[in-house]
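Dropping the structures in below, format is structure tokens.
What follows is a pair of complexes built around chain A, which joins chain B in one and chain C in the other.
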Partner chain A sequence: MEKNYYVCTGCGLLCDDIEVESEKNIINKVYTACRVGVAHMKEVRGEAGFRVDNAPVDEATAIREAASILKNAKNPLIFGLGTSTDEAQKLAIELARKTDATLDDTSSFCLGPLVEALLQDKIKTCTLDDVRNKADVIIFWGADPSDSHPRHLSKHSYFPRGSEKQRGWEEERTAIAIDVRKSHTAKICGNYFFQIPPEGDAEFIDALIAALSGKLPKTSYNYPPKKILELANILKGAKFGVIFAGLGLIYSLKDMEPVFRLMKALNEKANFQLVPMVGHYNMRGFNENLYAETGYVNRVKFENGTVKHGPEYSVVESLKAKTVDAALIIGSDPLSSLPRSVSKNLLEIPVISIDPCETLTSKHSKVYINTAISGVESGGSATRMDGIKVSFKPVVETARLSDEATLKKIMEAL
Partner chain B sequence: MTNAMELYQMLPKTNCKKCGKTSCMAFAVALMARELTPEDCPPLKEESKYRENYEKLKEIFKPSEGATETGLIVHEDLCFGCGNCVVACPPNVANDPYGVGSGNAPRNVNKLVLTIEDGIVKAQNLEECRRFGKNKILCNGCIVTCPVEAIEFV
Partner chain C sequence: MDFGSFLAAPEIKIRIVTYRDIFQDKAMIENRFGEEYRDRSAIIKLDAADLKQLNVKKGDTVILSNSFGRIVVKAEESGYDTPHRGLAYMPNSPWSNMLVSDETGGTGVPKFKDISVTVTSAKGEKVTEFKP
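Entry: the complex of A and B
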């Protein structure tokens, strides 16, 4: 029997084996998805809506107003897009080009540098299917997939049988957690949990590199050298090792150089790949689409057909310096997620919010367009955290516009 | 939980055999195995001096809400549907190696002990569970793989 599977867009795993029972556009039952995914799919939705200055308007008015904000701005900021389809992201890039906008996404303050390194072939990477089929040593570094990507361990990284891993996780895989706290994932890793102090990652990397070449591993926080040597020994024996790098690791490093060094050292002794723990279902897609278009993964500014890139074009810096004079925010809530000192500057410029959910940002927007939930009410394609392209169809129908359709209409109105 | 010795300490310790067992210790073992319940010891049940212990034992062995034939209970408030237990459960793997055994949606649900429905684990087909029946073993596949201790056997 051929089953009709849906894709869950609840996180960067894009699980593609979800069965849904629905009737009259109401989802009754969801099979195999985790609780995060079920909540994402079953989200209760009010009426579709368009608003200008917090008063309900019709679609045409909202689109016209949005277009006029962008037209009148000298340097609009376009931000978000981590939960938009590839198609919508490409349109947003085109729109940024047309309006001489500054374009950035959340990766600029999280995993952007790692994704960039992967796209530039600076680090060896692999797919989650490789991990399931081959991985024998799995490291969760500053990452807690049990909370952020609930099915990570069961669908890919630890528990499932794979083509070259038929005897099961107890015998054939070692899962290791390196983190500042005993997370749910660390708990599963049992004795292979290495607890380090906050900001201790860079030193731990150096100690581990020393241990890999048989030297005594030293840290200022006196991590027991014996434990690090033990860890190094496990890593040396890896036939197919993988590091899942999370925000905990990224935030504690000044730049990615220690990661490069570690990967080099590991690959001199064993075989290691790295996969960033991308959270939003299509953040990696945004990085890849922008990279294909401009050679950069984020933080760009378009100007008369050319493209500039640099830290000053990040969402944080451009808001701080008040260089942007309008904002188009797609599927993101910077008023909640950015520090107040930065986000408050958003209140001084006209904001267009395109989001399936009412957020703090949408409430403070000049124009709000309530869109379809991407992957539930509208289809498209996206890039999984490991770079695999996934296409999906909507689970239910809606009268709401998708991000893609919204952007297209704004573009036409320009 | 408790062991047979601790249970024994709460019994009358008179070895009167009214329960049909040869001794209070044997009764404790039968309690442990859930063959008998505290009600099956007449002195314990009837004599007021044992009341406190009787209540305690009843509390320990009260049929748990939602407990199944194997004693498996799912704390639905804790479970978040990660599927670790589903994929690690040995009979699940044996009965559906390319479905749940490989981390995917079930291909053959007929004999699966654990599945995920609406984001929460659901137990069924308990005769397949290794803790079931005469040849049961103390499998803990679903316990050690759960990040939040949502599965318990009572």
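Entry: the complex of A and C
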């Protein structure tokens, strides 16, 4: 019997083995997905709608108002897009170019530097399928996929039998967690959990590098050298090692140099790849699409056909310095997810929120357009956290506009 | 107002590390303005000894404040086997983000996972609400 599989867009894993039972455009049952995926696919939807100044309007009015906000702004901010399809992202880049906008996404304050390093071939990487089939040493560094990417360990990184790993985790894989707290993932790693103090990562990396070349590993927080030497020994023996790098690691480093040093040292002794734990289902896609267009993964400002890039064009710095005078937020809720000390400045400028669900940001927007959930109510393509392209079709039909259709209409109205 | 008890309330300085929680994520998807999301977000996991010093029981509310914001959340005991006095854990949410500094050194990256605050008993004050 031929099965009809769907893709879950609940996180960066883009699981492609989801079965659903639906009737009259309502999803009743979701099989195979994790609890986050099930909630995502069965997301309760209120009324479709368009709002201007918190009053319901028709589509044409909302689109016209959005276009006029962008037209009147000198330096609009376009932000979000981690949960938009490639097609919508490409349109947003075009729109940013047309409106001389500042364009940024969440990678700006999370995994952007690592994705950039991968795209520039500065770090060796691999796919999740490689991990499943070959990986013998798996490190979760400042990452807790049991909470952030629930099927990571069961579908790819630890539990499955892979083509070259038929005896599975019991005998053939070692999972290691390096973290500031005993996360759910760290618990699974058992004795291979290495607890370090907050911001202790860079020192731990250098101690580990020392241990890899047989030197005595030292840290200012007196991590037992014997434990680091043991860890170095395991890593040295890896035939196919992989580091899954999470926000815990990124946030504790000033720049990515320690990671580059570690990858170099590991690859002198063994074979190691790195995969960033991208959370939003298409953040990596945004980075790749913008990189292809401009040579930068995020934080750009378009101006008369040229592109500028730098931290001053990041969502955080441009809001903080109040250099942007309007905002188009697509599939993101900065009033919840950014420090309020920064996002409060959004309350002073006209905001257009394009989002499948009501958020604090949508509630405070001048224009709100309630869109289809991509992957559930609209189709398209995206890039999985490991760089694999995935296409998906909608599970149910909706009258709501997709992000892509919305952006197209705004562009036409400009 | 009873200033005596106000002055007497013990106050400690702590560093908060934020993290993600699958149950909280699920609750957010289902209803980000709902009770379950609030109950799973507006919490702080403290070391048992810190709870004791604060004179606060599990489930009581505490005030977390710094120069960026002030929120009221429920205190819980972390249950971690290694002691971590002065360090506490909170799921990442609009609540924790109320306390994150805007100081970035121009890097564009706030310290979401490293927040310094003062904790004190909220004496029954209700958890901070984010109502639309």
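The rule is short, and it goes like this: the second predicted complex is superposed on the first by the 414 of 414 C-alpha atoms of A that agree within 3 Å, B and C clash if a C-alpha of one lies under 4 Å from a C-alpha of the other, contacts with A are read in each partner's own complex, and residues count from 1 in each chain.
Simple rule for what comes next: a residue touches a chain if its C-beta (ideal position, glycine included) is under 8 Å from a C-beta of that chain, and two chains touch if they have at least 3 such contacts.
On a predicted model such as this, the values are computed, not experimentally measured, just so you know.
Visitor: Putting chain B and chain C on the same copy of chain A, do they fit or clash?
Guide: fit
Visitor: In the superposed model, which partner reaches more residues of chain A, chain B or chain C?
Guide: Counting residues of chain A touched by each partner, the higher count goes to C.
Visitor: Is A:30 in contact with chain B, with chain C, with both, or with neither (first, second, both, neither)?
Guide: first
Visitor: So, does A:320 touch the first partner chain B, the second partner chain C, both, or neither?
Guide: It touches chain C, and chain B stays clear.
Visitor: Scan A:148 for contacts with chain B and chain C and give back first, second, both or neither.
Guide: In the superposed model, A:148 contacts chain C only, not chain B.
Visitor: Tell me the contact category for A:339 with respect to chain B and chain C: first, second, both or neither.
Guide: second
Visitor: Quick one: is A:233 in contact with chain B, with chain C, with both, or with neither? Answer first, second, both or neither.
Guide: A:233 sits against neither chain B nor chain C.
Visitor: After superposition on the shared chain, which partner residues are touched by A:213: those of chain B (first), chain C (second), both, or neither?
Guide: Neither: A:213 stays clear of chain B and chain C.
Visitor: Just checking: does A:181 make contact with chain B only, chain C only, both, or neither of them? Give me first, second, both or neither.
Guide: In the superposition, A:181 touches chain C alone.
Visitor: Roughly what angle, nearest 10 degrees, sits at the C-alpha centre of chain A between those of chain B and chain C?
Guide: For this superposition the angle at chain A equals 70 degrees.
Visitor: Which partner does A:168 reach: the first (chain B), the second (chain C), both, or neither?
Guide: first
Visitor: Per the contact definition in the header, classify A:160: touching chain B only (first), chain C only (second), both, or neither.
Guide: A:160 contacts chain B only, not chain C.
Visitor: Using only C-alpha atoms, work out how near chain B sits to chain C after the chain A superposition, in angstrom.
Guide: So the smallest C-alpha to C-alpha spacing between these two chains is 8 Å.
Visitor: What is the shared patch of chain A, the residues that chain B and chain C both contact?
Guide: Shared contact residues on chain A: 34-36, 39, 146, 150, 184.
Visitor: Would you tell me which residues of chain B are touching chain A in their complex?
Guide: Contacts found on chain B: 79-84, 86-88, 93, 97, 101-106, 115-120, 145, 147-148.
Visitor: Inside the complex, what are the residues of chain A that reach chain B?
Guide: Touch residues, chain A against chain B: 3, 5, 17-19, 29-39, 132, 146, 150-151, 153-156, 158-162, 168-169, 184-185, 187-188.
Visitor: Using the touch definition up top, name the residues of chain A that touch chain C in the complex.
Guide: Interface residues on chain A, with respect to chain C: 10, 34-36, 39-40, 43-44, 108-109, 144, 146-148, 150, 180-184, 195, 198-199, 247-248, 251-252, 299, 311-312, 314-317, 320, 333, 335-343, 357-360, 363.
Visitor: Given the complex with chain A, which residues does chain C contribute to the contact?
Guide: On the chain C side, the touching residues are 15, 17, 19-23, 25-26, 29-33, 68-69, 80-82, 87, 89, 93-94, 97-98, 100-102, 104, 106-114, 130, 132.
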